[in-house]
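Here chain A shows up in two complexes: once beside chain B, once beside chain C.
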Partner chain A sequence: MAPTLPSSDQASDQDNWDNGRLARKRQLLIEIVLRNRLTALVVDGDTTCRVLEQLLLRSYGVQTQGVDNGRDAVALIASGVKFDLIIIDMILPVLNGLEATRQIRDMGVHCKMLGVTICSGESERQAFLAAGVDVFIEKPLDPEHLVPILRELDGQ
Partner chain B sequence: MAASSTDPTQQLNDYIRTMHDQGILDDNFDQLLALRREQNPRFINELISMFTNDAEAYIAEITNALSLIEVNFSTIISKLHQLKGSTSGIGGHRMYQACCELRVAADDGDKDRCDELFLRVKEEFNTLKQCLDSISQMRSNIISNGTRSRRRRPL
Partner chain C sequence: MLGLAADRLRADMNRLLSFLFHQGILDEQFLQLQQLQDETSPNFVSEVVNIYFHESEKLLRNLRSLLMDREFSDYNKMGIHLNQFMGSSSSIGAKRIRNVCLAFRAASDQNNRAGCLSALEVLEHEYCFLKNKLHELFQIQQQRVLAAGVRYPMQH
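== the complex of A and B ==
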């Protein structure tokens, strides 16, 4: 079914709802001011997801780096680069997110790791937590989940 | 004084609201709009273009995987995972739902069901693409004309 155009009638209540909905979204993007410079690594095989997650983090002032597979994530961490937060998808090319997480933890990395994935069940959640992520959330990454984590990392 | 329906920003707002009403877009698209960058007003258009290009590539790969004599369900599941993720991120609600249904069929290894549901994924992608292309065009016109609503922030 092709998208249809709106009618010419305008509903002021609906306009208020639209503006309210967007205003709430925008408010969540400005309600946190970080005192410290935080850094984050985003590991996602999909470009759109990776860019979106990095944009969201940057909107809070977090410096970000992105890689598109688990092997490169492990190699980057092994090279000595440190991050305050790693956001990692479960399903990744080359080296999957579960194994990449295990290898990163085996290196003695204790930073906050946030496991994200799409449409998962309880078994996937438990597996990701067992691999070493601290928090598990369903995609897409949203301010409601991210803001408390950033506040914690910032010592607020 | 209420903004007229010929106001480009109001037209864009109305269009997006209609896409919500039809289930084509969801709140995740609103989150994208809230990430609007003043420094690069075209970034949403760039993101839409990125999503569309990647989605077309995933769909092509799924098409190939389904066309094999021995269907490669592993590839289908892998590419579907990425397609679902980006679709969810862009806020493509109906397309996302179609992808979830296809995922079930792929997990079951049911080729006939995969073929049927993949058709729906492609239909919903075409619908979503039309919607996003329209939004991109409207936003480009607003940005080019420097049109700003005094009562509403431009999308």
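== the complex of A and C ==
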């Protein structure tokens, strides 16, 4: 059936025209309350993605820092700054995400690492997991993937 | 009278959003963006989208510059730009642009210069269309805010 625009008489349909998906996502965005102050590092070369990922984390009360390349991420970790969670893109300027992940793990860092990328195949997924990320997610980062991870880190 | 104007603006906004979703121009990720907007960050969506526009125009210029170079052969660099464009487009819910980037990347992976040029034309067109529609959406939202302010004047 071809999609039709809601008529002006169907005010309730217009207000909820996404068939409940809006309500469900709203629920996901507010349902988690963290007991502990978690910290996260977002490593993404794209400004839009990095800003959005940090804002999503902050909406849950997670304290965040962001860097736009793999070399700065490694340097920050090497300086002794600790995070509960690192979200890292596979494709990064200067030092790519795979190599940055390996170097971070080689430093003995055991925090949760979440690898993200766009439109990848199984080989990329396996390579990222082999480099040391714990979880691999296709962009965009969304509450359905993030909330269970935050709950786990919070000990819920 | 003012109530009718506000209702008309809300209907216009919902109609435009419904169109953008039904045509596959936007997807659910745009809803998530709206859910991150609250009274502490009332212009959040337009601010993030403006970051996206700024970064996207740089990427489009880079892509065109690469393809206009007669000596061009660095498809790897093109792939990096496209991955970035796909990632940021996915993050704000720009579904159609993401899909055009996917087709563009397929041509790039095959070192198909003619295919890349054709895909770039489509990408530039789709980007302009999205930008115009989102500007229209933000204008309606601003008018709603102004209409609400006139309807409920500040009490001194």
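In this section, the second predicted complex is superposed on the first by the 137 of 156 C-alpha atoms of A that agree within 3 Å, B and C clash if a C-alpha of one lies under 4 Å from a C-alpha of the other, contacts with A are read in each partner's own complex, and residues count from 1 in each chain.
Keep this in mind: a residue touches a chain if its C-beta (ideal position, glycine included) is under 8 Å from a C-beta of that chain, and two chains touch if they have at least 3 such contacts.
Source: prediction; values computed, not measured.
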Contacts of A:His110 with chain B and chain C, given as first, second, both or neither: neither
Touched partner set for A:Ile91, first chain B, second chain C, both or neither: both
First (chain B), second (chain C), both or neither touched by A:Arg37: neither
Partner chain in contact with A:Cys49 - chain B first, chain C second, else both or neither: both
Chain C-contacting residues of chain A that also contact chain B: 3, 5-6, 8, 14-15, 18, 21-22, 25-26, 29, 44-49, 51-52, 55-56, 59, 89, 91, 118-119, 139-140, 142-143
Chain C - residues contacting chain A, complex: 10-11, 14-15, 17-19, 21-22, 28-29, 31-33, 35-36, 44, 48, 51-52, 55, 80, 83-84, 86-88, 90-92, 102, 105
Contact footprint of chain A on chain B as seen in their complex: 2, 5, 10, 13-19, 22, 24, 27-28, 30-35, 37, 43, 47, 50-51, 54, 78, 81-82, 84-86, 88-90, 100, 103, 127, 130-131, 134, 152-153, 155
Chain C-touching residues of chain A, taken from the complex the two chains share: 3, 5-6, 8, 14-15, 17-18, 21-22, 25-26, 29, 44-49, 51-53, 55-56, 59, 89, 91, 117-119, 139-143
Residues on chain A engaged by chain B in the complex (per definition of touch): 1-6, 8, 10, 12, 14-15, 18-19, 21-22, 25-26, 28-29, 44-49, 51-52, 55-56, 59, 89, 91, 93, 118-119, 139-140, 142-143
